[in-house]
Amino acid sequence: MGSIRFQGVGKVFGGKITVLEDIELDIAEKEFVAIVGPSGCGKTTCLRMVAGFEAPSSGTVSVSGRTVTAPGPDRAVVFQQFALFPWKTVRANIEFGLRNKRIPAAERESLIAGALKLMNLESYADAFPHQLSGGMQQRVAIARAYVLDPEVLLMDEPFGALDAQTRVVMQEELVRLARRNPRTVLFITHSVEEAVYLADRVVIMTRRPGRIKEVLNVRPIRESEDWDRFQKIEDVMDLESFVHLRTHIWKSLREEKGQAGV
Amino acid sequence: MNSPPLPFRESFLYGAAGLFLFVGLWTLLSVTGLVPRQFLPSPFEVAGRFFFLLTSPFAGATLPEHLSASFMRYAYGAVLAAAIGIPLGLLMGWFRLLDDIVSPIFDGLRFIAPIAWVPFAALWFGTGIGGPVMIIFAGAFPPCLINAYRGARFVEPRLIEAARMLGTGHVRMILEILLPAAVPSIIAGLRVSAGLGWQSLVGAELIVAAAGVGFMMVQAQGSVQTPTVMAGMVAIGLVGMVIDILLRRGEGWLRRRRGLEA
Amino acid sequence: MIGRRGWIGLATVVALLALWFVLTTLTGQITSARFPSPAEFSASLTQINTRGYAGAVLLSHAWHSLLLVLMGFAVAVVTGVPLGLWMGWNRRVEALVNPVFLIIRPIPPLAWIPLAILWLGLGDAAKIMVIWFAAFVPSVINAFTGVRTIDRPVFEAARMLGTPPWRMVREVIVPAASPMIFTGLRLSLQASWTTLVAAELVGALVGVGFVLNMAQQDIYPGMILVGMLTVGVLGFITTQALGRAERRALAWNVAARD
């Protein structure tokens, strides 16, 4: 349950623009995979195909062995723009997916309480999204996704719209969440540090048409160096093993930009 | 939002089907006598009547003569509304005191439908040209004023600060900073004005006038000449459409010149 | 708390009222054949409230007009908003309806008045029909635009959460489009009043527009002013009521709270 598989996936927009070419990727159950790449390399398209918002032009995308055809609550998405329902309170936003899954009211109550607690939102349950800061809104969005207990969690630059400080807090929180409640996560980001800090594996993509250039296995390094003993991201970022990985990815991405002539 | 636009061919087919249904239903109701022909002439009869009226007089004049009488009044009223509304709006946008004095009067009068000025208009300016012109003015004036005011009031404050720093006086500030900055908003207001003015004209002519399309329609209504009434509606719709298209063109041209998207 | 703006506004109104009194009553620069003096205005108001004018007292004229506007407006909203939502949702519906809409739309609602009178006479039905036509167009257009401008992520979030169709309409599309829908309703309401007054001026047996019509024929400036102010007050009351409903429905919306 919860594996993601890209088999020979390509995507062409409008019959002309090839965005993705020949993507082969297997994500195991409860694995956290981050995709980094230059702008317009199609990394978001990868995520949107798993979510079922876009169909591949060639090849197949499957989740837990079933080919993806449409969106569904088994693949919860956390959007960069939060995409909360502004007319619903925090509680109603979190409840919405549960109601769609026809979960009885009593059970919903306890699930919502759990999700609110998990994301430290208890005192904001009856607030409307516009009354919350960006970071709080994204917590709600994550709670809304987590509460569905989805097979996979798709995060599309979830912290891209946050300020630098909030971003760090959210990254640290997500690490705690991911280590405590592991889920299959596909995480799209611009930030190399974020990818190395959060993910088990980091996928580096080429510029358009996007292909997989390199896959880095971060997890063995993290476990052997025991990164998780640190509470703060800056302590991890100072480690030689972290710096080494980060520099490697930077160089790899820099090559891509160089080819684009920037 | 949800689905991509239809291909041209498909959208054309649907559009044609819609029109066909509309005209077909209308014809059917009329020809079968489900609705007495006296009250619902067929589309062809209306079209025939329209062309007949182009050359033959009804209620004292041919359709083009009625239209030109209407259009004269319309032009007077609309030009007057723009000539007073736009400068007043700009001045209100610059001089706070004027704003504070005029706004309450304007806000009070706003709730009185322009057409309710008909009795006073007739009393003060007669039913020939003056009365109808005043009613057109009443309809067309508010958007001119409001949009010029908003355009001037919400000019990018940096522009005003820059002009102040350069030692700009009141007159030059209004003419060379506020007016150009407010032009897009003013043009949008003119379009709304044009539509409302045209509609007020029709109302005015239905109630008080001895010539014009509205007058022709009332006369036709009195003698139960439904085809003539409907031909008048067609003529009013056509002229209104032409006015709107011309102003849209002007607006598009202006926005492109300004480097805004059309 | 009135503030500077409020004081100036109050002063303006007081000055205007004083000017009205001075010009009509003291100096007589404005004759009562042109505009009523305050005394004449109040006499007209008393007359229509006690003995009645144009066949009824003011309150029953106003009540009748209000009912017609509310009915025409309600019919337009109930038909127009769903059509607009549907057109926004389904490109095929849009393609089907749009050309017909484009043909009918340029005809100003007031131009339907003679036809409505031919079809339905001088009674209430003709007025409701014209108000319906007048208020229908803004309802449709704004509901349509409301759906088309829903942020894609909001819509995708709903799909991702597995929302069934009916719930999608009720809990996502309608609320997301509601700020635009209310914009449309405000325009519709305005159009409703304009149209009703015009229709009653052209031909009616009761109503505020009919009061205006009679007063015009009687060359009775005091009563004309009474009629106009009544139109204004009714417009104000209904606009306020709609604004209140809007604020209540859109409490979640930041843009609505200024």
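When the chains are written out, they are named A, B and C in that same order, and each has its own residue count from 1.
Simple rule for what comes next: a contact is a pair of C-beta atoms (placed from the backbone, for glycine too) under 8 Å apart; a residue touches a chain by one contact, two chains touch by 3 or more.
A quick note: this is a predicted structure, and the numbers were derived from the prediction, not measured.
Chemist: Touch graph across the chains, line, ring, star, complete or other?
Modeler: line
Chemist: Looking only at C-beta pairs in contact, point me to the busier pair out of A-C and B-C.
Modeler: Ranking A-C and B-C by C-beta contacts puts B-C first.
Chemist: Where the centres are mean C-alpha positions, what is the separation of chain A from chain B, in Å?
Modeler: 52
Chemist: Centroid of chain A to centroid of chain C, CA atoms only: how many Å?
Modeler: Result: the chain centres lie 49 Å from each other.
Chemist: Measure off the straight-line distance from the CA centroid of chain B to the CA centroid of chain C, and report it in whole Å.
Modeler: Taking the mean C-alpha position of each chain, the two centres sit 18 Å apart.
Chemist: So in the complex, the part of chain A that touches chain C is made up of which residues?
Modeler: 51-53, 70-73, 75-77, 79-88, 96-97, 99-101, 128-130, 144, 148
Chemist: Considering only the defined contacts, which chain C positions touch chain B in the complex?
Modeler: My answer: residues 4-5, 8-9, 12-13, 16, 33-35, 88-92, 95-100, 103-104, 106-115, 117-119, 147-150, 152, 155, 190, 193-194, 197-198, 201-202, 209, 212-213, 215-216, 219, 221, 224, 227-229, 231-233, 235-236, 239.
Chemist: Which residues of chain C touch chain A in the complex?
Modeler: Touch list, chain C to chain A: 151, 153-154, 156-164, 167, 171-172, 175-176, 178, 250-254.
Chemist: Touching residues of chain B toward chain C in the complex: what are they?
Modeler: 1-3, 5-6, 10-11, 14-19, 22, 39, 97, 100-101, 103-105, 108-109, 111-120, 122-124, 195, 198-200, 202-203, 206-207, 214, 217-218, 220-221, 224, 226, 229-230, 232-234, 236-238, 240-241, 244
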